[in-house]
Each structure stands twice: as structure tokens, then as C-alpha cells.
Amino acid sequence: MRANGLRLLWAKGGKAVNGWCAIPAPFAAEVMAHQGWDSLVVDMQHGVVGYESAVAMLQAISTTDTVPLVRVPWLEPGIVMKMLDAGAMGIVCPMVNTADEAKRFAGYCRYPPQGVRSFGPIRATLYAGADYPEHANAEVLALAMIETEEALSNLEAILDVDGLDGVYIGPADLAASLGAKPGFDPTDGRVLEAIGRIVQAAKERGRFACVHTGSPDFAKRMFKDGFDLATISSDARCMAAKAQEILGEMKAVDETDDPGLPSSVPEEGDGY
Amino acid sequence: MRANGLRLLWAKGGKAVNGWCAIPAPFAAEVMAHQGWDSLVVDMQHGVVGYESAVAMLQAISTTDTVPLVRVPWLEPGIVMKMLDAGAMGIVCPMVNTADEAKRFAGYCRYPPQGVRSFGPIRATLYAGADYPEHANAEVLALAMIETEEALSNLEAILDVDGLDGVYIGPADLAASLGAKPGFDPTDGRVLEAIGRIVQAAKERGRFACVHTGSPDFAKRMFKDGFDLATISSDARCMAAKAQEILGEMKAVDETDDPGLPSSVPEEGDGY
Amino acid sequence: MRANGLRLLWAKGGKAVNGWCAIPAPFAAEVMAHQGWDSLVVDMQHGVVGYESAVAMLQAISTTDTVPLVRVPWLEPGIVMKMLDAGAMGIVCPMVNTADEAKRFAGYCRYPPQGVRSFGPIRATLYAGADYPEHANAEVLALAMIETEEALSNLEAILDVDGLDGVYIGPADLAASLGAKPGFDPTDGRVLEAIGRIVQAAKERGRFACVHTGSPDFAKRMFKDGFDLATISSDARCMAAKAQEILGEMKAVDETDDPGLPSSVPEEGDGY
Amino acid sequence: MRANGLRLLWAKGGKAVNGWCAIPAPFAAEVMAHQGWDSLVVDMQHGVVGYESAVAMLQAISTTDTVPLVRVPWLEPGIVMKMLDAGAMGIVCPMVNTADEAKRFAGYCRYPPQGVRSFGPIRATLYAGADYPEHANAEVLALAMIETEEALSNLEAILDVDGLDGVYIGPADLAASLGAKPGFDPTDGRVLEAIGRIVQAAKERGRFACVHTGSPDFAKRMFKDGFDLATISSDARCMAAKAQEILGEMKAVDETDDPGLPSSVPEEGDGY
Amino acid sequence: MRANGLRLLWAKGGKAVNGWCAIPAPFAAEVMAHQGWDSLVVDMQHGVVGYESAVAMLQAISTTDTVPLVRVPWLEPGIVMKMLDAGAMGIVCPMVNTADEAKRFAGYCRYPPQGVRSFGPIRATLYAGADYPEHANAEVLALAMIETEEALSNLEAILDVDGLDGVYIGPADLAASLGAKPGFDPTDGRVLEAIGRIVQAAKERGRFACVHTGSPDFAKRMFKDGFDLATISSDARCMAAKAQEILGEMKAVDETDDPGLPSSVPEEGDGY
Amino acid sequence: MRANGLRLLWAKGGKAVNGWCAIPAPFAAEVMAHQGWDSLVVDMQHGVVGYESAVAMLQAISTTDTVPLVRVPWLEPGIVMKMLDAGAMGIVCPMVNTADEAKRFAGYCRYPPQGVRSFGPIRATLYAGADYPEHANAEVLALAMIETEEALSNLEAILDVDGLDGVYIGPADLAASLGAKPGFDPTDGRVLEAIGRIVQAAKERGRFACVHTGSPDFAKRMFKDGFDLATISSDARCMAAKAQEILGEMKAVDETDDPGLPSSVPEEGDGY
């Protein structure tokens, strides 16, 4: 079976820079896959991505060595198993708040006797090889999102769940749950403390620690704090950010020496 | 009928900053439409965009005031008319090399007696209003791409074609045709001279002059040279460029002080 | 944030005429959105609409001021949150039978601390503005369908659930549950009595009352009885009804004075 | 091979009431196919229908006995042949203005030696039977649209083209070409005279005469004038018309006795 | 209402050969439907099939008399009811392990008072007739998959559930659960014994017994053992198997007398 | 740039076994790509494949080393160039009947100065590398279909066209054009003679000779006759053929010893 590139990287002590795909277009995913991310998450929760687009995006990513992961919309067995069958090498599951939820999630990702995953790896064997069934339990990653106060209060019990490979922090939801303003790269002490507590507890138990960030600066800081994987921005955010830079440059000209130039560049972004 | 925003802008002496959509996803187009571009071209020629995606992208753009344009794959009446019916406020047509081709193109864009456009503006009336049929000939833009040596040799005849609103320069094809290396923001003297000749001839005849660029710097230069519209980059290029910046920042760290960091960032891009 | 047009209308004492979209085509939704409905429900339960079509339909509706709503297939957190992220200004949830279900439903629709909605309003900020996160809890509508005997028996408890904005009656399911023949515009006393009881209880508690109908006559009657919103027919039913009128007119001719005319017009409809 | 139902109907002296599909959704086409139209045209010219939707719509129509036809975007061999391969029992081709164009069109619809159609009826044999190749030339209908002054001036030559089965009048384009206002059910004398001339010339030469109309009244009049097939309205127009009726009824109430009712119903339609 | 062909066949003492659709393409489903299978399952669990493809595949199958069934991804009410509304004449539900799960499943498939299915058979009435609502409870098949040790331990209780029509054995999952190697056409004694036990218990209680197989030989054996329906292979497996035969023949040539022939034929398949 | 695997194979004196994709599903294409074909043609002419499916299929094929080719619907510049931009390593063009057509076709496939291909290899650089523009003219294959009597009469002139890499024989069309029954693996002397003449003329001029076949036997014979590439069957035909084998086996049982078995297996296929 094709080895999971993230496990290989981590085994060598490396750290993974993860990209994020929210645009439902295999072409966009293929462009992202060629940029050099260690792994890419196809986001079926907050991304605008349905099932068949997600599969096509996994195919597009599979034209490269970038490791394909999927964030499912919710902890539901149907979609977790469908995305593994489709060749995802790991699942990020949102809102895992209790040990029982973590157990159910890990179980959906493993064939018996370790779990209850149903057998039918229709595209996974194409992607990873005919011996996928024998090795999938050991290669596929089950990453539980820790992003609520409830999850924090169950942190150790969640991390102790057998078959769970690691945790993935969603700082925006975590902040909202802790009463802070949701957003990336938090500065609120409560959120930062929680993040610190999570990575420490994960590392103590040999679990992988992953985190969502909005900038290389915060990602580097997270790596220094012990995280194994940091997501930075997303396909849509990259696109919008660069477009804002371009339009900002054109507007600067507008205001100083060319009164006819475009007046429609938004002052502070318009909501995206 | 809803007025064509580009004509309004130009009537006030303004210049248009145009964005470019090559990703076949209405969500990506909607994000682009919210960034502040004066207009957006849905690219059905070199973009990865088929007919039904193009319509959905026009719908997504129509949630804003950004002017929706379409580049068709080739000078073919079927697709020119389908995209106008779908609500494009202007058509960019590639490879218009002769006055006859310009005439056919302009004719496809106009209802009789000015042209031969077939009647059935099924979505255009939704977008632009019930009186679209009466005003479409005056509002819709027909922009012919000048991008070959042959077109240069027929430049004046093309520009004189009745019903043609302007020209759009494709510098990459123009360079290739002139024996230079294809690319944006040319430095080859032959290409620059040709661009200068085109904008001058267009302005002399009261035609709009548009140009494709790869950077704000070149776009500003083109505005100074008299162009009315400059396209800068594209959705996919913006996305890839920002991703490269992020990965470049992460890699810099990698090489200096954190040997475990990702090794898969490409040295010089990998072809996109 | 863009205000919820239904809340504005209701605040002025108005009543909403709601349209219904069951055809999975953004063009059809855009045509519907231009007809003058106050709001439109994209029906993901009994409509033939999957996730990505639903998003494209929301985009099409967003080209107008019609308020976009979604009926989800079932009370499941993943899809409720995905549709809110996609810009739905309200969710209609089928088969809410207990206070606990109503509580879960309301919670899925609200960010903490009022609920458990996960943060990532990827298209909602495009549609409603950058300050959507601050105002969404107050603008988004959570409408629970009351359509079973069990729901009736829990009516007051359901209506008292914090964060639930109103109820939506599905007369067909309600009739079936009460032992009557399912259908719109019921005449069975048990169903009419139940409808009366629901609207009264809702109004007493300051909840919005909405109802599905098959005709303007019944909708007007419901308005008189205190309902705030009435859905009338659907895209597919409108299409079929008008087609039946046309074919009926043509068939009448057939039978009287033109024996060669079409013989395939169905006598009494064929099941749709 | 499955016989062409229109030929059967016409052989018995019948007249065909044809429906029209402009919404790119197989479900909408299936609903239309169940209403009782003798035949349905999937409109790839002014309808919002691309290739793969068209095929899915043909499949949906094939669940009934309604005869499936296609209007192609333009006289181009690729798409004419693709739609025949996909199981269309007839092609309506827009803007056939000369005998040469009619000849090319007829040739695209026929296998050698009668024409140049390429062999590969991949779905047509599923729909019509394994012996489709032997009978297709005799069953498939080639219907040329007569809709310009030029076509009128070449009328007899067009009608005399071997292999052309009939003509189809597009009154809107015909009106525009003759200097009248485009629209259905024309009252302008020039257009009516042209229509009369076309049907007479067609009947004299044993060609089928078909016409697009906007109402049963005009369709009946056309039948009386000798036409063999009349199209009435379309899926999208039926939907919008019935929605307008509903909203009109609700608005009437609004103005007389219930001031809170919806104010957003458009006075005279809004452009569709 | 159109009768369920499987019930008719079984009532005559017949046995059903069932085909399997995992490729998300209505054309592929239509080809399969023309081959002569008694019924076809559209597989939304391990097949690469999302909701809208599944509906289009049901439409494609509906062009023939082949009975359309669906396997849902998991025991979830939303998707079970959506697929029945879309015209599936039976649902195969994976991983039914307890009587309670069987009860919930059967309930999702039946209108009140037998179950809790919500009313809105939008495409089912097109497919099966206007009187579908009255007869659906008696015609639609609810088939629960027995594929775990837990299910075996609850076998009789599951089979006794009112409204459950039969069981469907997934030998691969059953094998995995029993500690054997997953796969079709098992030889492990534990699996064979379990299969025997299931069919016997089902027959004793008058339930239909169905089984997934990989070959006609095993299917025949299962028929002899009392099964009412056997699935053999799938669309994708048929395609791959025949391709392997072709490439195997070409490779044989390669090795013996034509050294230039293709060298890329895989020795033992590559994982699919 | 990634070298064209067919050119490499041919340079070593090898012969290519080509597969064929007519099912519009990237998953089906990915399964085909894993079987061991040297190359795969995505068929946009007689296959049920539109533009965006074709791109997704190219992506799916790109997960393997199988060489991706495309057959375009017709000799039209727009689609030829779009498919090259999408990463096709060769184009098969139907119905090339004259040297002028061959010249136009070859020109569409080459950048200036060899041809008129427009510059914008948006996905081709992802697939083949950043230096694709410099090498594409030398790597991409332009294969003209010889399939009419007219083409035969212009055979030498077509083969002499600069930039044309080879010819591809469509035996069904060729047979029809020569007055024989269309089909694969012809036995008619006129067709066989024409095939012989084509391969001889091609080989004399150093052009590649390719041919469509229906069986390994005929393919082997063609290889012996000098052909460089033989297509055998297709995805849909493989699927149907294997299904027929399975159903045939089941039916044989039916007739001899198990009267209850399925009666719906077609006697001689039903038209596909």
C-alpha cells in the first residue's frame, strides 16, 4: 500500500504545512496540489464542497504526491466511510467533544476488529494499492477537532481513545466557545492557553497535534510550540488576498495621480 | 435596461481594472466579484470553463455590480449568442485576424438590422431588464482580440468594422506570432511596438482598447499609454501566487533553523 | 449585515407569500426569484435538490432581493450548518416532534453562547456582509415543521424553546399522521382543527406561523387565520399546472372539431 | 427500431402539440414529459442547456412515449451528430438561410450514402433498438428553421433539398429580420404573410410545417392554416406564468382589504 | 401504481439476478439497465455515487422495466426518504445490527400509520403513478443488510420486525466481522455457516433473502440454498474484468512472438 | 516536459494497446487507467462526454502513467485547443477528408510558427511541466481519422501534410462510406483493402498508423499488418460484454434445471 506521506514525514521528525480546499473545483485542487503543500484538506464542512466534487478533488490531488485529507461535515458514519472509500488518507472530524464521540469517530475509520468501518474501498485501492485493506487501519489518519469548552474539559479522555491518531484545533470555534471573538491566529489569552494545553496533552500521549492558522507567522509559532501540522489560509483566501493586493495597488494610483481609475475597490474588504 | 457599467465608467473618463475567471466554480467567481474588480471575464477559451459552469459563474457575478463579460473559445456564432443570452454584457473574441472576421463577430453580437443575432435573451432579460431587447445592441460590448501578425496587418480595417466596440490585446499570442517568447508583460521591442500601434489606432478611431497583463505595474503603464481596460492576473494565478508566498515563507524557516520542516516546496514553481 | 427581509416585513405587520423550489436548476430558481415572491425555499427534503445545486440556487436567488431559505432533508447538524454557511437566511426543518428536537435544531442555527453552530460562514458573509458573524444569531430564522400527532402533543413545549423563531406546518404529513388523506389545502376537520391550534399557540408565544398551501384561496384563508407566511405551490407544480391548462385547451379543440389533433393528453393527469 | 411517434401521428393526419425545455434539469424534463405533449424539444440554442444536461434530459423524456427532439445551438456538424447519437429523434436547426445550408444540415442527419453522419449511435440504439442504424435515416427528422428574410428569399430552394423533412418557423427572429418587433404570436402583417407563405410552400412540397407559438389560440390558428406541429410556451414560461397568476391573486387581496400583504409583486413582470 | 417487479417475480417463485451500479453516470446505468438484470441497485454507500447522480441513474434505469433499487450510505432518515421520493422501489440499508435499527429503517420506508415516512413522493409518482401514495407501503421493499456478528446475534429479532421485507447479506463485511478475510464468494466456514443460518431464518419467517456475490457460480449456489436475489459483480467490476481479459490476450502475444508489444499490462491487477 | 509515452513506446519499436472512454465519469476513467492500457482516448465525438467531464477524465487518467488522448467531436479549432490546454497529449480528429482539412487540424495543434494554436496551456503545464510551451509542438500527437471514400482519394496528400503525426482509421465509418455495413473488425474486401492501403501509405511516409478494433484478434492482425496503435473495445462495451456473459450463464441455468430463474435476459442483446 502507498504509505501515508504525513506519517513518513512525522516519523522523520518533520512538520507538515497543510493547504486547504474550499472551492468545489477539481482544477483548483489540482493547482493547489502543485504548489508544494505537504497535504491538502478538502473541506466538506465549511467549504462549499459536496460529495462528488470532493471525490473529483481527491482525484485531482492524486495526480501529485500531496497527501489527500478530508474534513467531513459532521461526525456521521456514512460520510466518514464514503470519503475513506474515495481515497482520503485521513479524516478531520469537527466538533469531537467527548471520549464517546472520539471513540465512534475512530471506529468509523478502522476495519474490524479495531473498528466498524464497512468494507468497500472502491477508489482507495486505485489510489493506494491492492493491499490497501490489509494496511489501511495503520495508514489512515483519524484527527479529531478540539474546538469547544466541552472538548477541553474532556481533553485527556479524548486523547486516550484507542485508534485516534491526533487532534486538530479549530481556533475560531474554540474562541467562540470560550467567549472570545472567533478568528484565526488568536491573541486572546484564554484561547492561547487552551491551545497550549492541547498540544502539550497530545504530545504527552504520543498523538499528533494539528492546528488551523491564517498566516505563516502564526504557523511557525505553532511549530515551535510543538505542533506537527499547521494549515495556513485556503484556496479561496489566497485568491482573495492576492486580488486585494492587486486592487489595492491599482487604487493607490487612483487616489494620487489618475482620477479616472476604478472607484469600486472596497475600503476594507466586503465581508469575505 | 441595466446600463453597461464599463460604458458608464468609460464615459466618465475612467479606466477599468478587469479580473479573470478560469476556475469552473460559481463560488470562486462570486468571491472574485466581491473583491472590487470593475468587470470580470469568464474565460471559456483557455480557462477550464464549459457552458453550464459559465452560466452559473455569470449568475454568481450577478449578485454584485461587477460587469460580467465572457471570452468565448473561438469565433463561432453558437457560443457567442448563447453567452449573450446568458447575460454577458460583453464578449471577448479570440483570434480576430481580418476585417471579415471582425464583421462576423460584431454581427453575432447585434440583433437585426445591425447584425444577425438570434432572438431569445432568456437570462439576459432577468439580469438586465425586460427592455433588454431594445437596448442590447447599444449596451453589449464586442471586443475583438488582436493577437497575431495577420491581425496587425489588418489592424485599421478591423478597427473600422461597424459594430465593433474595441480591441483586446493578448500579449502572449501576439508575442508568439511575432517570434518572441509568449508571456505576460512583454519586454520584447516588437511586441511593445505592436501594442503601442494598436492602442494608438484604436484611440484614433474611438474604439476601446483593452489589454491582458500580469501585474499592476504593467497595467498602470498600459493605462498611461491610453488603454481603457487592463486585466491583471486571474483567479487561479492569484491563488497560486499567494500559496507560493506562504510556502516560500515556511520554507525559508526550513532552511535556516528548523530542519524538520517541509521539503516539498518547489524551487521555482512547477509549471503552472 | 443585510437584514432578513422576512423579519422586516413581519415587523411592519406584513405577511409573506413564499415560493418553493424543487427543481435542481439555478436558472429555474433565478426565474422564480424574479417573479415577486417575498421569499423562496430551496427544498432539500422532498425537492430533487442536492447540496451543490442548493448552493447554486441560493446564488441565483441572491441576484434579487427575494429572501433565500432552505428546507433541510432532516434534523442533522451537518446539513443545517452547511446551508447557513451557504447563505440561507432561514432554515425550515422537517419533523420536529419534541422540545428536545426543537432545542437541538435551534442550537444548530446559533453561534455560541446561544447555540453550537460551528464558525465558517464562507458564503454567508459574501451574501450578507462582513459583519454577518455578529448579527447572524439575530437575523437567521429557525422554523420547525409541526407535522405529526407527536409534535401536536408537544406543541407548547416546542414553541417555548429558546431560539426557535417559528413553526411551519406541513399539512400533508400532518393529515397522514392524524389518519386523514395527505394533501394540500385540507378539508378534514381534524387537520383544520390542528392547524388552528398551532397558529393560535404560536401567536400567543410570539412565534412566527408559516404554512404550506396549494392555492391562493387557502393561503388567503390562512393569512386571515393569523399566519405570517404562506407557501403556495412550487416551481414544478406551476410548470405542470400551466402545461395542463395549455394541453387541456388544445385537447378540447381536438374532441370537438379537429379529429387529427393530439390524443395523448392525459385524462386526469398522470400522477405528478 | 422504435418508430418516430411524430411520423406516426402525421401519417394518421394528426397534428402535434410540442412542448419546450429550456431549464437544464432532467427532473423538469421528466415532469414535462408526463404532461401529455406529443413531443418535446430540448433547446440548446436559447435554452440554458449544455450538452450533458441535454443528454440527461433526453434520458428523462425517454421514460415516457413523448418524442424527444433537440434544437442545436447552430448549424455545426459536431453537435448535430452528438445529439442524434444521444437519441434525439429529430433535430431543429436554427438560421437555415440557404439551400446550401439546408443541404449541409440534412447531410449531417443522415448516414451514407444519403449524408455524412458519422457512425456511433451510442445511446440511440439503447433508446430506439439495435436496428437503429438501418432505419435511422428514415425515422430521424431534420427540421430547418426559417426565420430570416434571406431564408424567405430562398424558401423554395430550401424546401426542395433532399433529406430535409420540414421547416420550423421562429416568429421572433422572423419578425426581427422583417423589421417588426420580435415576439410570439405576431400580428404584424409582414410576419403573418411570411408565415402563410412558408406553410403553403411546405405543404405543396410534402414537407412538414412547424411553428413556435406563445398560446393555444395562436397554435390552433396555425393548425387551421395547415401546420403539422405547434410549440406552445416552454417549461420556464409555464412556471413563470402560473407564478404570476398566483402572485397576482395574492396582490389583489393586498390592495383591497389587507394592507399588510406583500408589496413586492411586480406590476407588469420584470423582464423574463 | 406500477407494481414492484421483484415482488411479481418472487410471487411466481422466480429468483432475481441483480446488477450493481457504482459508477456515477446515468449513461452507464442506462447501459446496465438494457442488459437484462431483473433489478439494479444504485450504490450510494461504497459506490462513487452522490445524491443527484443517483437520481439521474434512477431516471436512466426508468427507461426500461428493470426494477430500480438504492443502497443508502447509512441508516439515516433523510437519505432513505429522499431516495424513495426519487422513485427507488426498494432500499438496501447497510449495517442493520439490532431489532431497533431494523424497526427504525422499516419505519423510514413506510407512510403512517405503519411508519414515519414524510409525504412528498415527487418523482415516485412520475415513475409509479398517481396512486403511488396509496400503494407505496405495500410495494416498496425494505431490505436490511446483515453483515456483522452483532446482527447475527440479533438475527431473529431483526427478522421479526414488522415492515421489514427481507435481508441482504454483505459477505465481505460479514467475513471481516467474523474474523475472516473480507471478499466475495467466501470459503471460510464461519462465513458460510452464517450465510446458511441467515437464509434459513429468513425463509422460516417469510422474509426475502438476498446476497451479494462475485460470480454466477456462487450466485447459482446461493439460489440453490434458497436465496431470492443474488447480486453479481458490478458495472465497474464488469468493465475492469473485460479490460483485463483483453489486455491479457494482448500481453500473451507480447511475451511469445512480438517483443515490441505493450509492457504495461499489470501482472496481477493493480488494486481495483 | 513529460515525454509523450506513445512516442517513447514507438521509438522503441513497440505497439500501443489503446483503451476507449465513452462513459462521462472520471471514476470510470480512473478504473480504466489502472488496467494497463498504454493510452486512453476520451471520446468527445460518439462518447457521451462533454467538455467538463472530459477534463475531469483527463485528471483521473493523470493519476497514472497511461497516456491521455482525446477524440474531439469535429474539426473545430475551439475544442481542439481547449483539450490540448486541458492536458491531452494527442488529439484524434474525425472526418479529415482533404489535405486542407489535415493542414487546418495540424495547425490547431501547434504553436507558431508551425501552427496557429493559441497560447494558454492552463492544465497542460500542470500535467506535463513548466517547460511544456517549448516542447509541446514536438510531443503532442495530431492524428487524423481516415474514414471516408473522399479521404481515401486524398490519402497521400493528407499524409504529406506537415505537422500531422499519423492517421487513425474508423472502420465503421469507412465501411459505410464504401457501401459496406458499418461495424468493427470488417470482413468486407473493400474495407480491408482500404485499411491495407492506408497503413502502407502511412508507413511509407513515416506516419503513425492507428486503428479502431472490436477484439484482440483483429488488433493482433492489425499489429501484424504494421499498425502502431490499436484500440480495442471501450469502457461501456467492456461493461456490457461482461454483464452479458454473467446473465448468459445465469440464463443457461434457467432453461435447464431451475424454472424459477430470471426470464428477462435478452436473447441477442437489445441494441447497445
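Each chain carries a letter (A, B, C, D, E and F) given by its place in the written order, and its residues are counted from 1.
One rule holds in what follows: a contact is a pair of C-beta atoms (placed from the backbone, for glycine too) under 8 Å apart; a residue touches a chain by one contact, two chains touch by 3 or more.
Note that the coordinates shown come from a computational prediction; the quantities given were computed from them, not determined experimentally.
Enquirer: If we look at subunit E and subunit F, which chains touch each of them?
Expert: Under the touch definition, subunit E and subunit F have A, D as mutual neighbours.
Enquirer: Nearest 5 degrees, what's the C-alpha rotation angle taking subunit A to subunit D?
Expert: 180
Enquirer: Let me have the rounded angstrom distance from the C-alpha centre of subunit B over to the C-alpha centre of subunit C, please.
Expert: About 40 Å separates the centre of subunit B from that of subunit C.
Enquirer: With chain centres taken as the means of their Cα atoms, state the distance from subunit A to subunit E in Å.
Expert: 34
Enquirer: From the C-alpha centre of subunit B to that of subunit E, how far is it in Å?
Expert: Comparing mean C-alpha positions, subunit E is 50 Å from subunit B.
Enquirer: For subunit C, write out the residues touching at least two other chains, lowest number first.
Expert: Those would be 22, 24, 27, 31, 34, 48, 50-52, 55, 76, 79, 123, 126, 236, 270-272.
Enquirer: Based on which chains touch which, is the overall arrangement a line, ring, star, complete graph, or other?
Expert: Chain contacts: none of line, ring, star or complete; other.
Enquirer: So, with touch as defined above, which chain pairs make the list?
Expert: A-B, A-C, A-E, A-F, B-C, B-D, B-F, C-D, C-E, D-E, D-F, E-F
Enquirer: Which of the residues in subunit E end up touching subunit A in this complex?
Expert: 22, 24, 45-48, 50-53, 72-74, 76, 79, 94-95, 147-148, 170, 172-173, 176-177, 179, 182, 236, 268-272
Enquirer: Residues of subunit C touching subunit B in their complex?
Expert: Residues 26-27, 30-31, 34, 55-56, 59-60, 62-63, 123, 126-127 of subunit C touch subunit B in their complex.
Enquirer: In their shared complex, at which residues does subunit A touch subunit E?
Expert: Residues of subunit A touching subunit E: 50-52, 55, 76-79, 81-82, 85-86, 111-113, 116, 118-123, 125-126, 128-133.
Enquirer: Across the complex, what residues on subunit B touch subunit A?
Expert: Checking each residue of subunit B against subunit A gives 9, 12-17, 19, 22-25, 27-28, 31-32, 34-38, 48, 65-66, 216, 219-220, 223, 232-233, 235-244, 246-247, 249-250, 253, 258, 260-266, 270-272.
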